[in-house]
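For reference, the structure I am asking about is given below.
By letter and in written order, the chains are A, B, C, D, E and F; residue numbering begins at 1 in each of them.
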Amino acid sequence: MKELIDEKGLRIDGRRVDELRPLKIEVGVLKNADGSSYIEMGKNKIVVAVYGPKEVHPKHQALPDRSVLRCRYHMAPFSTDTRKPPQPSRREIEISKVIREALEPALMLEEYPRTAIDVYLEVLQADGGSRCAGITASAVALADAGISMRDMVVACAAGKASGQVVIDLNDVEDKEGEADMPIAIMPNLNQLTLFQLDGILTPEEFEKAFDMAINACRTIYDAQRKALMDKYFGKAEVGEE
Amino acid sequence: MSAVKKSIVVEQLRKVQMIELLSKEKRLDNRGLMDFRPITIETGVIEKANGSARVQVGNTQVIAGVKIEIGDPFPDTPDKGLLVVNTEVLPLASAYAEPGPPDEDAIELARVVDRGVRESHMIDLSKLALIPGKKVLAVFVDVNVLNTDGNLLDATSYATVASIATSKMPRYYVDENGQIKQSDEIIPLPINGIPVSVTMARIGDALIVDPTSEEEAVMDARITLVLDEDGNLCAGQKGQPGTLTFDQVKLATNIAKVKAKEIREIIKGEITKYAKG
Amino acid sequence: MKELIDEKGLRIDGRRVDELRPLKIEVGVLKNADGSSYIEMGKNKIVVAVYGPKEVHPKHQALPDRSVLRCRYHMAPFSTDTRKPPQPSRREIEISKVIREALEPALMLEEYPRTAIDVYLEVLQADGGSRCAGITASAVALADAGISMRDMVVACAAGKASGQVVIDLNDVEDKEGEADMPIAIMPNLNQLTLFQLDGILTPEEFEKAFDMAINACRTIYDAQRKALMDKYFGKAEVGEE
Amino acid sequence: MSAVKKSIVVEQLRKVQMIELLSKEKRLDNRGLMDFRPITIETGVIEKANGSARVQVGNTQVIAGVKIEIGDPFPDTPDKGLLVVNTEVLPLASAYAEPGPPDEDAIELARVVDRGVRESHMIDLSKLALIPGKKVLAVFVDVNVLNTDGNLLDATSYATVASIATSKMPRYYVDENGQIKQSDEIIPLPINGIPVSVTMARIGDALIVDPTSEEEAVMDARITLVLDEDGNLCAGQKGQPGTLTFDQVKLATNIAKVKAKEIREIIKGEITKYAKG
Amino acid sequence: MKELIDEKGLRIDGRRVDELRPLKIEVGVLKNADGSSYIEMGKNKIVVAVYGPKEVHPKHQALPDRSVLRCRYHMAPFSTDTRKPPQPSRREIEISKVIREALEPALMLEEYPRTAIDVYLEVLQADGGSRCAGITASAVALADAGISMRDMVVACAAGKASGQVVIDLNDVEDKEGEADMPIAIMPNLNQLTLFQLDGILTPEEFEKAFDMAINACRTIYDAQRKALMDKYFGKAEVGEE
Amino acid sequence: MSAVKKSIVVEQLRKVQMIELLSKEKRLDNRGLMDFRPITIETGVIEKANGSARVQVGNTQVIAGVKIEIGDPFPDTPDKGLLVVNTEVLPLASAYAEPGPPDEDAIELARVVDRGVRESHMIDLSKLALIPGKKVLAVFVDVNVLNTDGNLLDATSYATVASIATSKMPRYYVDENGQIKQSDEIIPLPINGIPVSVTMARIGDALIVDPTSEEEAVMDARITLVLDEDGNLCAGQKGQPGTLTFDQVKLATNIAKVKAKEIREIIKGEITKYAKG
C-alpha cells in the first residue's frame, strides 16, 4: 500500500486533508453553443457545451409537460494515461446518467415543454474527480445558456486515503486510497443530487466525509458565482459580491 | 396527445394517493415502510456454471451464473484475478424490456453490484493469479433478470453474492514446464465475507425499503447502500432525478445497517445449506 | 471416435436408443408475461415468455391482415461449457428463425391483425436438442397466453450415434455422433413444421430416424397437454384425461 | 392502406393462378416441375483468390472466392483446419436488398451451405493442421450474390463447392525452427467429394425444384436436401412458415437423390475442365 | 526502393509510361438493376448496379428540388491479396464519398425531385486505380439506367514511379511508387470532378501528370461510348461512329 | 414543406449575394480573397499526452493530442512504426454535430490530414521500429473539433503537425533479454519537416482561401493541397459535388504554394517557442 499522507499530514501533492486542488472556471468559451464553460480542477480539464432548449429528434422522445434533459460525459482519447478508445465505455455511460440525474433537480424543465436540452461534457484531461468537476462546470454552462434554474449544482468528492478522511481526491488517491465518495448538492436548497461511494468507510468516517464534502461544495460554489459574475458583470464588479 | 396528457394526470394522482398512504405508514401491499418482501434464494441451479443462484424478491426474479476462466490480467493489476459482472434485463422480464445491448439502467445496475463485491473485497483476487503478469483466473458473473417488479438492484446483488459464495472450481496449478494444469481437487473461491445491498426509495417525505415497480414509478429518488460484514459502508449510489436531504442520507445509512444484518442471515443460511449438500 | 453405445445397447447416459431423456414442463412461471413456460429436457433448462398480441413498434412492420410473429432464442452466458458472450451469435439468429417458422403454422395470426406476438426463449442451460425443447416449451407458453392455435407444436431430434439410429440426442451424442435431425410437428394435423439435418444418414436410416422422431414427438405432446391441464384444471383432474 | 390491401389481393390471385398452372404440371417459364433452369459454372475467375467460381442458375447470379490463410484452431478441434462460409446478398442484387450486415436470411443461407460442405467431409480438415493446437489453415469462402431470381441456396452451394474444388495454394511446412514456411509447389485442397444441394418448394400440393423469385413469393414451404457422392443425405433444412406432410418429406428425398446426381455431373465437368487448364 | 521502370523505359507490366492497361467495359450485366456495367482495367474487375430514380427511405432524406444520389464502393472479401473483412472500412467510406461527388456534377438530379438514385460498386478484384475504374463504370451504368446526364464522367490516375511521371498506375506502382493522383473529368464540358493526390510531385511534375491524366481520360471515354453503342445500337453499327 | 421550400430560396439568395460580393473581391468578414483568418496555435496544453496543440482559425477551434504506445507493425511494413490519425467532430462543436461514430465527413477529414503527414514523410517511421517485424511504436493523433466555423481541414492539419512536432517520449530500447525498456531520457519524435495544408473554396468563379461556415454553405467545390518544406505537393483532395476547371486547379496550386509558406512560419514559430520552454 502506497503512503498517501506524510508525517506532516500533507498529501502527495502537498495539500492538507481538507484542502481543495487549484480551481479555474471560465464561462462562454465556445461560440456555437448556447452556453459553455471550461473548468480546471487539479489536472482535470473539461469543456462543457449546452445546446437548447431545442426541438427534439426523434420526435417521440419529446414530453408534453417539460423539456428532456440529455447528458453526454465523454473522455478524449488523449485525456488518460493510456489512450482511451473514442467509443463510449460502460463507465462513461454510467457517469453520463448520474450527471444528468445530478443536474435535473436544479432545472425548471417544466418551462420548456416539448423541447430537449443537451449537455455535452468533453474531458480533455482526466484527473481524480472528473465527474464532480464536470457537474460543477455543467451547472455554469446551463446558467450561461440562460436555462431557468432553482439553484446551482456543485459537486466534490470526499474519501479516505492512508486511513484519513480527505477532500477532493486526485488520481492517485482515487486509485490507491481506501474510499472515494463524490456528491453534488444544491447549495441554497440544501439538497443532495449526486451520491456515490466506492470503498470502505466506517459509519463515523462516513459522517465526517459527508460533512467535509458539503463544505467543500460551498467553497466551489463561490468560484462558480465568481466565474459567472466575471462574464456577465465584468471583473471589476466582483469585489462587490 | 390526449392519451399522453391523461397518463400524466393518472401518474400524478397515483403519486398523491401513494404519499397519503405512506403518511399513514402503509403501503399498497400492506408492508411496513421498513419491510422487505419475501426473499427466496436457491443456489446450484445451473450445473454447467461454477456457481449459480436464482433469487426472488417478491415477484422480481433473477438468475446469476458464475463462469471461471483463464484470462489475461489488466496491465495495472498484473498479479490479481479479474471480476466481471454483467447484467441483462431480458425481454422476458416485462412488457417494457427490449432485446439488445444493455441500456444505461442495466449498465448502472451491473456497475453498482460490481462495486459492492469489489470494494468489500468479497473475493480475494490476489489469490487468483496463476502466472503473475501473464495469466490469472477471471470470474464472470452474468445476471439475467427474468421478471421485474422493482428493486432489481438488491435482487441482482443477492444473486451475485450467493452464486459467487457457492462457486466451485478445480484447483489450478502451474507445472514444471510453466503450463497451467487443473487438479482433480474441487475448491471454492477465496471468499472474505458477504456484502449486502439495501435499496431505499424516497416518495414525498417517506423513505421505504425494497420498492415495487409501482412504487418505483412514483419515487422521487433512490439510494442504495452496500454494507460489509463489519457493518461498514463499502458502496453507495443515489439514483433518479430527485433529491435527498442531508438528513435523509444519514437516516438511510442507519436503516441500511439494520436491514443488511437481517438479509445477510438469509443469504448465509442458503449458502450453508448448499455447502452441506 | 468415441464409443457412444455399449455392448448392451445402452447409451452413455444409460438410455436405450429409442428412449427420451427425463422431461419436465411447467406453465405460467413468469408474472409479467402474457404466457410463459419452463422446460427441462435432459440438462436443457429453458424459460419462455410470450408477450402479445400487442401494438407493433416500429409501426411500419405491422400487417393489415394478421399478427407479426417474432421469436428470439437466446443463450445465457452461463448456459454452456465455456462462457457464451451475451450478443446474439449467427447460430442463435438462425435458430430464432427456424423456431419462428416452426411455430407460425399452428397460430391463427389472422385473428390479430395489426399486432405483434413476441416469443422470447432464454436457454439457462444448454444440452443437445435445445431448439427442440425450446419449440415444445414455446407452444405451451403460446397456449398459456391464450393465442388461438390450430394445433400444438412439438419437437424432438433423432439422429445417429455409433452407427445406430437414436432418439433425443444429448450434448455428447450431438457433437460426437454421426448425425442430428431435429423436427417439429403439429401432432393432430400430422404436418411437419421444422426439419433440419446435420450429418450423414443413408436413405434407410433417414426413414427410420424420421419415423422415430415423429413417435417421440407424440410422447412429448402428452407431457405438454398434462402441463397445461395441471395449470388450468388442477392436478387432480389429470386422471380423467 | 388501400395500396397494401390491394397488394394482398394481388398476391392471393397470383397464388391461385400458380396453383392452377402447377396442377396441370406447368410453370410460368414452361419448365417441368422437376426441371432446373440452365446452370452455368465458371471457375478461376478471380486470380487473387485461391479458388473462385461464378455460378448462374437462370437469372440468379453468384460469385464465390476462397482465401486460405494461417489461423488459430478452435479450442475443441485443436488439430483441424477451419472452414468459414460467409454470404452477402449485395445491394446490387435486387431492389429489395440493402447494404448492411447479413440479415437472418443471409445467415441461414451461409449456415446451410456450410453444413453441406462440412458434414459431407468435402474438405479433409484434419490435413490442414500446421502446428497442431497452435496453427492451422483457415479456408474462408465468401459468396456474393450479384443478382437474385430465386433459389439462392443451390446457386450459393454450387459456387461454394466449385470454388473449393478448384482452389490452389502453396504447400506449407514447418521448418526445423518451428517456423511456418511456403514451398514453391502449388497444391490443391484435400478434397473428398462433391456435396450437391437440391432445393424444392411446395406450392399448394405441388413440389417443384429450383423455384424462381416469382415462385418463392407464393410458396408455402421450402426444403433443401444436400447429398454426398454416395447418395447419402448430409444436410437438410426446411424453410418458410408453411408445413410439409410427412410423405412430402419422403418424396423430397427421392427427388433430391435423382437431381443431385445430374447436377454433380455438371459441377464435375467444370472442375475437370478447369484442372486441364 | 524497387525499380519500377527498366532501362528501356518499360514498366513492370511491360507498358510505356503513357500507356493504359487493357480495358474492357460491358453494359447491362445484371437483370434486376435499372442500369449496370462491368469493367476490367488491368486486374481490376468491378461490377456496378444503378437503382433509381426511386422512393427514398427513410423519407426525411428526400429533397424537394432534386434526387438524392447515394454511392457505395465496396470490396469483396476475396478481391485483395489478404482477405478483406466484409464490413466497410474507413477507406471504402471515403472512396464512396469522392465517387459520389465525382458523379453528381454530371447528373441532372433536378429532373427527379423527391427520389433517390443508388449506385452500388462491387470490386470483385482490386488492382491499382479501382476508384477510377469504378467511376468510369458507374457513369456507364447510370447512362444504361437512363438517368439524364449533362456529360459522361471518366477517370484515370497519373503519378510517379522510379522518378518518372506515369499514367494508370497498377497495384505495385501505387504502393511502391512516389505519387498517385486520380482524377475524373467531364470530357465534353472540360470540368474536373475528382481530384486526389497521395505522394510527392514537384510543381512541374504535377502539371505534366495532370495533363497526361486528362488525355488518358479522353481515351477511356471512347471505350465508354463504344460499350454503350454496342449495347444500344448493336456491334455492327459501331463502325459508323 | 413550405419551410423547406423557403430555406432553398433563402440559400439561393444568399449565394447570389455572396457571388456579387466576391465579384468585387470582398467577403462578409471583410477579408481579402486570399486572406486567412487569424491563426492561433498553443502547444503543450495536455500534460498527459506526448504532444498536444489547441488551434484556432477564426472561430474554428480544435485540439489534438498525441499518444505514443508500443504496438504490432502492419504485416506489409514490418520494420516501420505506425501513424494513426483520428478526428471527431464533437457534439459540442455545433448545433448540427451529433454524438456517434465518425461520419463520412469526419473520416475524409482524418484521412486527408493523415495523408499530408504520411506522404510528406514528416515522421521518419523507419526509426520507430523496436523489434523489427514484432514490436514498433504507434503514434496516435486524436483531433477533437470543439467549435466549427469552416475550414476544419486546415485547422485539423495544423493541430496535427504542431502536436506531432512538439511530442516527447522516453527513449525505448531492447535489453539483452529482448525486453522493451524505457530509459529516463526524454526525446522528440524523428521529424523531417512540416507539411502545410491550404484549403480553397470555389464560389461561382471566385477561388478563396480559408472559407467560413457561411461560405462553405454556398460553395460549389473545395480543394485542399498540402505542401512539404521543399514546396512540393504531397497530398490533395477535391471535395463537394461541384467541379473545377483545369485552370482553376493549376491556379490553386500557385495559391497554395504562397500561403503554405506564410503559415509554415506561424507553425514553426510556435514550435520553437515551445521548445525553448
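One rule holds for everything that comes next: a residue touches a chain if its C-beta (ideal position, glycine included) is under 8 Å from a C-beta of that chain, and two chains touch if they have at least 3 such contacts.
Treat the numbers as computed from the prediction; the structure is a model and nothing was measured.
Student: Steps needed, at minimum, to get from subunit B to subunit D via touching chains?
Tutor: 2
Student: Touching both subunit E and subunit F: give me those chains, sorted by label.
Tutor: Per touch definition, common to subunit E and subunit F: zero chains.
Student: Counting one step for each move to a touching chain, how far apart are subunit C and subunit E?
Tutor: When the steps are counted carefully, the minimum from subunit C to subunit E is 2.
Student: Among C-D, B-C or A-F, whose interface repeats E-F's (more than half the contact pairs identical)?
Tutor: Answer for E-F: the repeating interface is C-D.
Student: If we define chain centres by averaging CA atoms, which chain lands farthest from subunit B? Would you check?
Tutor: Relative to subunit B, the chain whose C-alpha centre sits farthest away is E.
Student: From the C-alpha centre of subunit D to that of subunit F, how far is it in Å?
Tutor: Distance between chain centres: 48 Å.
Student: In angstrom, rounded to a whole number, how far apart do the mean CA points of subunit A and subunit E lie?
Tutor: 53
Student: Distance-wise, how many Å sit between the C-alpha centres of subunit C and subunit F, to the nearest whole number?
Tutor: The mean C-alpha positions of subunit C and subunit F differ by 58 Å.
Student: Just curious, how far off is subunit E from subunit D if you go by their C-alpha centres, in Å?
Tutor: The mean C-alpha positions of subunit D and subunit E differ by 32 Å.
Student: Considering subunit D alone, which of its residues make contact with at least two other chains?
Tutor: Not one residue in subunit D touches at least two other chains.
Student: Spell out, as numbers or ranges, the residues of subunit C touching 2 or more other chains.
Tutor: As it turns out, subunit C has residues touching two or more other chains at 82.
Student: What pattern do the touching chains form: line, ring, star, complete or other?
Tutor: Graph shape, chains as nodes and touching pairs as edges: a ring.
Student: Report the order of chains around the ring; begin at subunit D and proceed in the direction of subunit E.
Tutor: Starting at subunit D and heading to subunit E first, the ring runs D, E, F, A, B, C.
Student: For the complex, which residues does subunit F have touching subunit A?
Tutor: 45-49, 52, 59, 61, 63-67, 69, 86, 88, 90-95, 99, 101, 140, 142, 144, 146-149
Student: Using the touch definition up top, name the residues of subunit A that touch subunit B in the complex.
Tutor: Touching subunit B: residues 64-65, 69, 82, 90-91, 93-94, 96-98, 100-101, 104-105, 179, 181, 186, 189-203, 206-207, 210, 214 of subunit A.
Student: Which residues of subunit A touch subunit F in the complex?
Tutor: Contacts found on subunit A: 30-33, 36, 43, 45, 47-49, 51, 54, 72, 74, 76-83, 86-87, 118, 120, 122, 124-126.
Student: Give the list of subunit B residues in touch with subunit A in this complex.
Tutor: 1, 4-5, 8, 75, 104-105, 107-108, 110-111, 115, 119-120, 223, 225, 228, 231-246, 248-250, 253, 257
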